[in-house]
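The letters A, B, C and D name the chains in turn, as written, and every chain counts its residues from 1.
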């Protein structure tokens, strides 16, 4: 039913200098990052005053609220820790792939939480295999963790091992590494994946998005810079810039869809970017209409922007039934209702006799939007003009976004006109790549999924 | 965390003339009525071609999606049926009180689904007890069911028994009665509780709200009239108006908060009523401001109305985390976050430096709105003006709405000025009773909870 | 897999004069009675010092250990209470039929736990129905409960209502009735169903079998006499013999199979009766053999008796896998193993080259014993002589035992010789009715299922 | 409540040449080995006709019947596979330690199931760590699996890697290694742990005990020899004896308690050994008595042997309540019953006025036997003479048996006379080490836990 590309993961780390237990705070932080991954969740904590290697882990398949019960959280005692939410791609959705990963090796114990994808994972894995590495799973995250452990043996510190590993891996990533006394955070040199720093009372926090820092009652300090290795210890923060390069390429899809509306990434409010996107769309594809609306919740803010720029009033047009969740039993073929209808219903007074502009952030397969247009017409909409606040999605992402096969991508198989007909719209307009600066100013962005120019 | 009065129940009934199984359709209908009751759910079906008394029941504590799994639905075979969702008040939330109620007696089997509250339940119960009635629980619904069964013995038909019972009971109610070959629906003479009729293929449907008819792919026919007894049999519909009286008193809170946004009750779209309410509020309590917004989701539509009338732009101002559900572990006292913050977060770009009008439908205890105002100020709001799209809630409801004790109702213990100070708002304005016609035209309404004038 | 007739229920009641909570003790007692019913379990308690009507109930489908968790038990506060385990027959295995039954009526609340079956239930039910009674289920237990409640209205006391009810009901039964201040126990005038009295510290106990009294650390006082109505109050015990008649007819199957090995019923140890039964069988059907053994666990004690009388040594011959429970996944058709083999395996050293006497308590369908004989021969048994410690089961039981349809009873469809051939035995001998006095002396017994002479 | 030393694991492997799915058969086999480990269970299967590395795993904490549901079994498709049941010792009972272990490495995938304990695990682990190995857990089984994977890289075959690994590891073990096309079984050179070979239709089976082969409908072929490496491939069996040594030391406790009654290990029936043990005990510690009995189920067979030798009749004396399982709620301190009493009850007719010989296989803490003696006296036993079919347990086992701390071993802290007084027996006799040949003939045995002479 959900017709979107998927972000793969979210990470959250915390170091409490006051020796307070951090598991409940990680839990709240992961709840705020749940939109980045709904298949598994995990927390690893460590007491920096306890014996080395005294690490506690709890992870399982499911939502944060399903994986953690109060009893489980209370057992996770420690003043530093990392957490992870995951949406799994190929390799399957199995408990063995739940993160954080925990390893035992010559130098002790380390844990890793990883958001992103490594493009040279196979090469690194083979290299490690040839040197005798033995793996439990097949994920690139495990490969990174093994590499760090391996490098740690010939290094002076865990941060040096992280540095040496980061020099070798290519792709987009945000990594959190927990060793018994240190929390190391590193962001890929291009800054493809987001990662930021905050403070909450006696604690330092690193998280995929600023919304997680605010959700635990903390304050945002700054983004971790692309290529920055940040080490948090008892003594405080220690920054290493030696990985940094000149080029940057922040993922544009974080602003279009992935990141939460209340997050600020690399200096730009997600909300502002989406409003601006809607405004650009209104300038590029204006239309005479009575109402602007968005697909809940992915298209709502761009719709507000479109309305603002076009002068056509914005309105909520669909009611979303929040009780229709993952476990609801879909209507059968014989029934007159369908799954989209169970989740969303049209506010008829808003649409009857009206010309509607309907905004969404993207079209992947096109099934959901076709259903919604059908429902709008069924409630008396005179015209339905679709505007999409991103360009047609044409190329695969190698940095950690889950995209269906080319054959399932409607934009790969049809022209814009054909798509328009296929979904039953009166007109269809996609955002143009040249409009991105309206959203993100002169921030260097990765837009390879639209133009095939891969930064790495 | 949720600071609202609660509707107590929703009902859904269906008669399929084509002998198709109706359990899946009732399930979809109950999902659409879930907002009317989240504590228990149940379905009873019967095969009108099978032997008399061949009734199947499944009911339990929990949400519709928790109570019913595919296997359980598939076992409920029958072409007529009724369903119920319940929010329990005093008497406790126990499985014995889950509806529909099923009884076996001299004339066979009957099942009952009830939304509402009977004001003379104790008197009727005692009367029945004196005549030898023996009950399994203590609810007024069981009392009604027993009364119907008792009357059935001296009556020619189940609909006559329902009529005789309805003559005796006082209060607000919508009842569905399933006997092996008939489905009887009755609405209280004042029309306090809603009930409507629809059609879906070969099926007739009766439901608390029109949204449930649409959600199953059906079409709305009309409201059941106050005091109407509608009997559905193999031959079709049969209407009895002999209960009807002149007075009517439709519950105003259905329009303010209870009913779903996409429902139409007694000729008035809930959406339109809420827009109109927001507009009336803007006329009565105008204010200089930069943004109008609503508490998600209860205040959003009235906020759109306020914006429309005042010319101040509407904006979404909060992000709602849909992953924070009933089972989430609340932040502890020591943590800097709170439960409201886990569920809602401020879109800072919208509020920084701005004068905000914040709309909600009501204030019961005042704790949630105080938290939200505090969060808005923390994100830089210059002023926060609160507008409430209902008058202060002062009197108990005897017709099936769950209201906290007087001592917990903020409006019973403070003046408007004191409430304004207590919640930290810059100004506070409640809708006036005289504004209700803006919302519901000349529909006769029950507004006893605001003015102490009880229709029954 | 289990080829036995089934007892339908067990009851346990307790009155603690020291005001201690009794729920944990009832739980232990029900565990000891679990062999009498495995489909549902329930406990009702009441605090005799609390307000009238203050009754707490917990009941559900499942074993005692599945239905009750520590938290649930701790919530059941009260110093008097009754418990029930149930094996359901016709009417289906549904939660609505779980006992104890709790009723609310003019005189307050009462709860009932019932073991047995009423032969005139339909007549009583119709009578009640005609007087206006409305039922929630269809069981004879509910009929009894309603009758007691009805009689209570015109009676001076609950025990008088129980007496009046007992005068009207026919069949075999043991009833426990809990009213807010009293516990009433009654046994049918023929004494078909067992019921006994014990003491444990400050508590009086009534239970279906003495083993339950001992299991909670109490001591057996005496059997409740057939037709005795025993009322336990704060003041102590009060006995009413007015129901008593001359005839008695204790169910012989309690001694043969139903009752637990360590119980003593109406003066006779179950263990002794089974030993004596085995001895009688040895006298009636002697055979030259090397080893006597029994089907675990139903035939073991009679086998010890046969061994004792015949002089042939007894041996354990099967190992029982206690990990193969109700939820185990049976071998599929294609597999070489079968369900009996997963549960029981042959001790080959005991049987190789030996002539075996194999004892069981009864043959219902004959499938299990056929499997066991096949397994014994597969392990080298030279001969297998089957002896059954009851006569062929030929007639239905109307007093609360679950017997398959006649068509499934092997003894109804074959001669003893044919059965012998069909199960693959070398010889087969059933106990003769005339041997019962060996087991139960001159205790008057009900043996209608063997000889068609029904006492009631 | 259970006062025994624990065996740590059971293993089951199968190769079906007819390409049938083996998961259901492994499930049945693990059910038959459940007595060897109740904390976790797992199955790994592979389709030898599918692509290399196509391995499916399901494992979790719990009993076999809890871990596997039909759906899960049906998903495990493959014609070769291994399964494991585990009782965990130090390191805790966590899902990460559930077996079989699955590894991915340069040569593909391998899975390992291990029963036993390696005495030089720390040394091997450190050696691997120094060479760069990174572990997920801390168990010796993981160390072995890594070692095999490591050796595989420089070897011609998986069986050669197993050989090289086996040359390095010390201790008692039975290992099953699954590579995509081969199943390798190896037993430690001393034969401390049991392992045997069977056939079932088109399948070869290896299992810890012969009972598992019979339980799946197969036939026992022979024991795997100590030090034998058996490789099963499409072509059949391939045997390698190069690990073999002259000394052997079969664990005597398998015969005394661990192995299932119907198993035959290294040519000796467990049943025969226990009968012989009881007979030896009768010769060494005769006593005048009326009845011989055993603690269910651990002492029953030795009791039959004692009875046979002494001429004193054997009798069952306790009833075991099979409904009292792992989840039952123990009686509280205040209650008059205790946990032993809930599980076992005395058959009073057997013991009243009698002199009892009570046999068990061992005494660890002494609490359970003390309770039983107390219960026997409470039921009128005149004398209770305890006989134990093993010597006092004095020394730790390094080969995979879980023994409590010395401080908890009653035999380490008291003389036999003191133990006798402490448990309340009239006399107490332990089997003598010199009696072992009665049980196991001239089979070389490991009896280090009694005499401190460790074979390895």
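Some points to look at:
By our rule, a contact is a pair of C-beta atoms (placed from the backbone, for glycine too) under 8 Å apart; a residue touches a chain by one contact, two chains touch by 3 or more.
None of the values given here were measured: they were computed from a predicted structure.
Counting hops only between chains that touch, subunit B reaches subunit D in a minimum of 2. Following the contact convention of this document, no chain is adjacent to both subunit A and subunit D. Using CA-based centroids throughout, the chain positioned farthest away from subunit D is B.
Per-chain CA centroids place subunit A at a distance of 37 Å from subunit B. With centres taken as mean Cα positions, subunit C sits 49 Å from subunit B. For this pair, subunit A with subunit C, the centres built from the Cα atoms lie 61 Å apart. Those residues of subunit D in touch with two or more other chains do not exist in this structure.
By the definition of touch given earlier, these chain pairs are in contact: A-B, A-D, B-C, C-D. Taken in their complex, subunit D has these residues touching subunit A: 57, 95, 102-106, 126, 129-138, 145-146, 149-150, 153.
Across the interface of their complex, subunit B is touched by residues 20, 24-25, 27-28, 31-32, 34-35, 38, 63-66, 68-70, 73, 200-201, 211, 214-218, 260-262, 264, 269, 271-272, 275, 300-301, 304, 308, 313-316, 319, 321-325, 327-329, 331-332, 334-338, 341-342, 345-350 of subunit A.
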